[in-house]
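Heads up, the next two complexes both have subunit A, just with different partners, subunit B and then subunit C.
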Partner chain A sequence: MKTINLTEQSVRDLNQALHDQAIECTEREWEVLEPKGQHNIACGLDQNISVDIKGPTGYYCAGMNKKAHVTIHGNAGQGVAENMMSGTVRVKGDASQAAGATAHGGLLVIEGNAAARCGISMKGVDIVVKGNVGHMSCFMGQAGALVVCGDAGDALGDSLYETHIYVKGEVKSLGADCIQKDMREEHIEELTELLNRAGVDEDPTAFKRYGSARQLYNFKVDNTSAY
Partner chain B sequence: MSEDIKVKDGLRESATFDRNTMTEIRRAAETGIYDIRGFGAKRKLPHFDDLLFLGASMSRYPLEGYREKCNTSVTLGTRYAKKPIVLDIPVTIAGMSFGALSANAKEALGRGASLMGTSTTTGDGGMTPEERGQSSKLVYQYLPSRYGMNPDDLRKADAIEVVLGQGAKPGGGGMLLGQKITDRVAKMRTLPMGVDQRSACRHPDWTGPDDLAIKIQELREITDWQVPIYIKVGATRTYYDVKLAVKAGADVIVVDGMQGGTAATQDVFIEHVGIPTLAAIPQAVRALQEMGMHRKVQLIVSGGIRNGADVAKCMALGADAVAIGTAALIALGCNHPMYDEEFKKIGSAAGFYDDYHEGKDPAGISTQDPELMKRLDPVDGGRRLANYLNVLTLEAQTLARACGKNDLRNLEPEDLVALTVESAAMANVPLAGTSWIPGKGY
Partner chain C sequence: MCGIVGLYLKNKALESQLGALFEPMLIAMTDRGPDSAGFAIYGDEVADGSIKLTLRHADENYDWAALAEKAQSDLNVGVEWFKNSKVAVFKLQTSAAIAEAFIKETAPDVLILSAGQSIEILKEVGLPENIADTFNLKGMKGSHIIGHTRMATESAVTMEGSHPFSTGMDLCLVHNGSLSNHNRLREELKREGIVFETENDSEVAAGYLTWRLQQGDSLNEALTNSLKDLDGFFTFTIGTRDGFAVLRDPIACKPAVMAETDDYVAMASEYQALTTLPGIENARIWEPEPATIYVWERSSH
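The block that comes next holds the complex of A and B.
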């Protein structure tokens, strides 16, 4: 295992060392000490390595991640795992707003709560939040799944495309064009699989499913109040 | 209705309720939807035609037109990037999305730009292999929608352009109507086929300039600080926006004036939001100069650039390069009279066509229809674009030499005068034949 202490080396040094692994992988296990909320830690990774960050991170930690498995042993700042392509990112604490924004693939697990706009514009990532999510979560969500084991804030799934949303607790309000849908067999299966992958012990049948009513898919005069 | 008929019959058209206005009222009454269209502002605005160059005579010394060198190359991204972009000519191709434009059109833009040693730019919808393959220098746009955004393409780019807005619609998002969302376009954007694509007007994971500074650092980290990062803004509060963009860490700032073209937005937006390109340049230059960053952070200007005189005037006002959208499409064949009959069939006419969003372009440019697309041969189109870019460059050089400049970037406001009080005030140059700059005294 290779250890990098961010009070001794810069984020640039760390990222360069991690990026170099994409060309030739010399070390699969990495540990990052004393991150102290710095921004852009471990972003742009492109190798099947594991990175354990021992403390809180700032903005865009693990941004655009590919293949790597990043664990944040603390809270994560804005836009954690934004635009992730593959791999996994796990936040042991809470995540700030726009967690998993626009992410195309992979798995993001937030063991605490996620703030506003969790999964905004998500494009295929799976996100599992053990706690609650803030307002406008999954705004314009295009693909993938968002699982919320706690409650969801206002305007969940506003202007939703094809993301599947599962919430166990209360939903304060649904956004435009987002509706509650039947939980069919295939959804129980999907949710079971998501919870298993995330290592979260919850009963899938206790969740409700939300999705797009698909009324805003093509411009209609009658819908102008929703635009 | 010709002037003759009006005079003969004693008819008088209202300047307030002219025929365009009446047609629009009827259209609104019939449909209940605002008008969506492409192209840029169609109203008359203070523009580069309102400026003139003062060629050399006794008090200035001209350069010999065909013999003496006049440099046209420009290097962009010298502030932080390990690999700045060197352009042979200061005219670049602006970002226009695959989706709005056909794959052939994108390829033609890449070919034309590469022939002339300049860059082209992706758009809202990601990078296509055709475009990357044919563009020797490709700028990859980072837009609020993040359609198709991925780190592999990011690392393939020669520069990254963070788009905050466009001159045609500052503060507005994008729109691509369902009929243009074919299977390939849909896949690149991760959307179901045939749905309207509404792209957001704000970035999803940052809000103010402080956040943007961190976002730019993230992009630099992901690309190991190799390539320049541009920030593109629609021209509105340009002085402040440019200052904030410099603070946020931009290598290059792109200012797009209100004449700038678009693939689709509300007509009311195109015609009523933003400031003219002419008015935006001095604001941007002043902001850069006050920060000691003029020429260190390069300035690209776009919006209504048509000929070498426009290019030279932008540069005289302090731009390092310009970008073209609409003019490049016209060079490829957009609105060509040879398709007049077909334009008429879809309720338009050659020279007036602006319904890019409908995807029925007879010239095969703003369409995803496989049959229409075939009408644009990317090699021929690329050649025409290269010819046109060559003319822009030659014209700009001619004007610069006449002003005694051996580099296009040596042109200066002092070489210009204005024809109207408005343009004098906006461009900060004297009214022709006087030494009067409005607001500055004699």
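The block that comes next holds the complex of A and C.
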């Protein structure tokens, strides 16, 4: 295992060493000490490596992740795992706003709470939050799934496309065009698999499903007279 | 973008270290605000019936001794004072109204940065590190302190436009964000008698709170009303004689993180500013909720 202490080396040094693994993988296990809330830690990885960050991180940690498995042993700042393509990002603490924003693939697990706009404009990532999510979560979510084991804040799933949303607790309010839908067998299966992958012990049948009413998808012909 | 930080001590034994604990917090926010910086420190209280003013003159060699002597003879009251860079702290055994009227009349080129029994405001243009040095922040004592590092968006980079803005007796405000209705609100508040020194949007927020408090609102009520009347993005930290308050707008785009231990409560725009606090590894750390008022106050008054 290779250990990098961020009080001794810069984030740029760390990221360069991790990026070099995409060309030739010499070390599968990495440990990052003393992150002290710095921004852009372990961004743009593109190799099947594991990175354990031992403490709280700043903005955009593990952004643009591909293949790698990044664990943050602490809280994460804004935009953790934003634009992730594949791999896994696990936050042991809370995540600030816009966790998993625009992410295309992979799995993001937040063991604490996620703040506002969790999964905003998500495009295929799966996100599992053990705690609560803040307002405007899944705004314009296009694909993938958001699982919330706690409560969801205001305007959940506003202007939603095809992201599947599962919430166990209370939803403060639903956003425009987001509605509650039936939990069919296929959804129980999907949720069971998501919870298993995330290593979260919850009863899938205790969740409710939310999705797009698909009323905002197309131009309404009734409005043609406006032109 | 701006950085805001606050530190409120629950453990009085730490009061002699307040400046030393706070200095790295302010400097850690340099990336968020390299234009100017400032802080409001609370402590070294004057007795009831006395008033403490933080005064500033552009000339570092301004004759504060002469001004103090004149205050003593004209007002016939006791005056204590000390100088810190371009700023002087005057303690006068009289009311705020009399003291402020005297300064405005006698020394119109002297700016009153704050008035109260506890507050002192120190701010300048420049890097936070240099400003902390200029005022010897690390040697300061007190019960609580709030600070700001500024990256200007709505008005010019000047000492007057830097934070904190004082909002009446012992009250001040630091702001990360930008208000969109500050021009109209400023005009409305001017009609209510609130005086503004700058075109700065954050000063309008400060003036708004002053006005609400004058109308009889409690701090909590004034902040609740501000959610209705202020349009724009904001994370505020508000200093009061007894503590501090934190408020984020309902959209909560501007960051904030809080930490609490048995010894202190701290707030910062980012966690980076909290890493040097003692016991931070085991502190309770959380992100304040949108449109929710957080207040810490000691009950000594």
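Assume the second predicted complex is superposed on the first by the 220 of 227 C-alpha atoms of A that agree within 3 Å, B and C clash if a C-alpha of one lies under 4 Å from a C-alpha of the other, contacts with A are read in each partner's own complex, and residues count from 1 in each chain.
Note that in this section a residue touches a chain if its C-beta (ideal position, glycine included) is under 8 Å from a C-beta of that chain, and two chains touch if they have at least 3 such contacts.
These numbers were taken from a predicted model, which means no experiment stands behind them.
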item	value
Subunit B versus subunit C as contact partner of A:Y60, first or second or both or neither	first
Contacts of A:S96 with subunit B and subunit C, given as first, second, both or neither	second
Partner chain(s) touched by A:E162 [first = subunit B, second = subunit C, both, neither]	first
Which superposed partner A:A115 touches (first subunit B, second subunit C, both, neither)	second
Which of subunit B and subunit C A:T192 touches, first, second, both or neither	neither
Which superposed partner A:G37 touches (first subunit B, second subunit C, both, neither)	second
Contacts of A:N48 with subunit B and subunit C, given as first, second, both or neither	neither
Residue contacts on subunit A - larger count, subunit B or subunit C	B
Partner chain(s) touched by A:Q78 [first = subunit B, second = subunit C, both, neither]	both
Footprint overlap on subunit A, where subunit B in one structure and subunit C in the other make contact	58-59, 78, 97
For the subunit A and subunit B complex, residues of the former touching the latter	11-12, 15-16, 19, 39-40, 43-44, 46, 58-60, 63-64, 66, 78-79, 82-83, 85, 97-98, 101-102, 104, 117, 120-121, 123-124, 139-140, 142-143, 159, 161-162, 216-219, 221, 224
For the subunit C and subunit A complex, residues of the former touching the latter	251-253, 255, 257, 270-275, 285-287, 289-290
Of subunit A, residues touching subunit C in the complex	36-38, 56, 58-59, 75, 77-78, 93-94, 96-97, 115-116, 134-135
Parts of subunit B lying in touch with subunit A, wherever the complex brings them together	31-33, 145-146, 149-151, 154, 177-178, 189-192, 194-196, 198, 200, 204-206, 211, 214-215, 217-218, 221-225
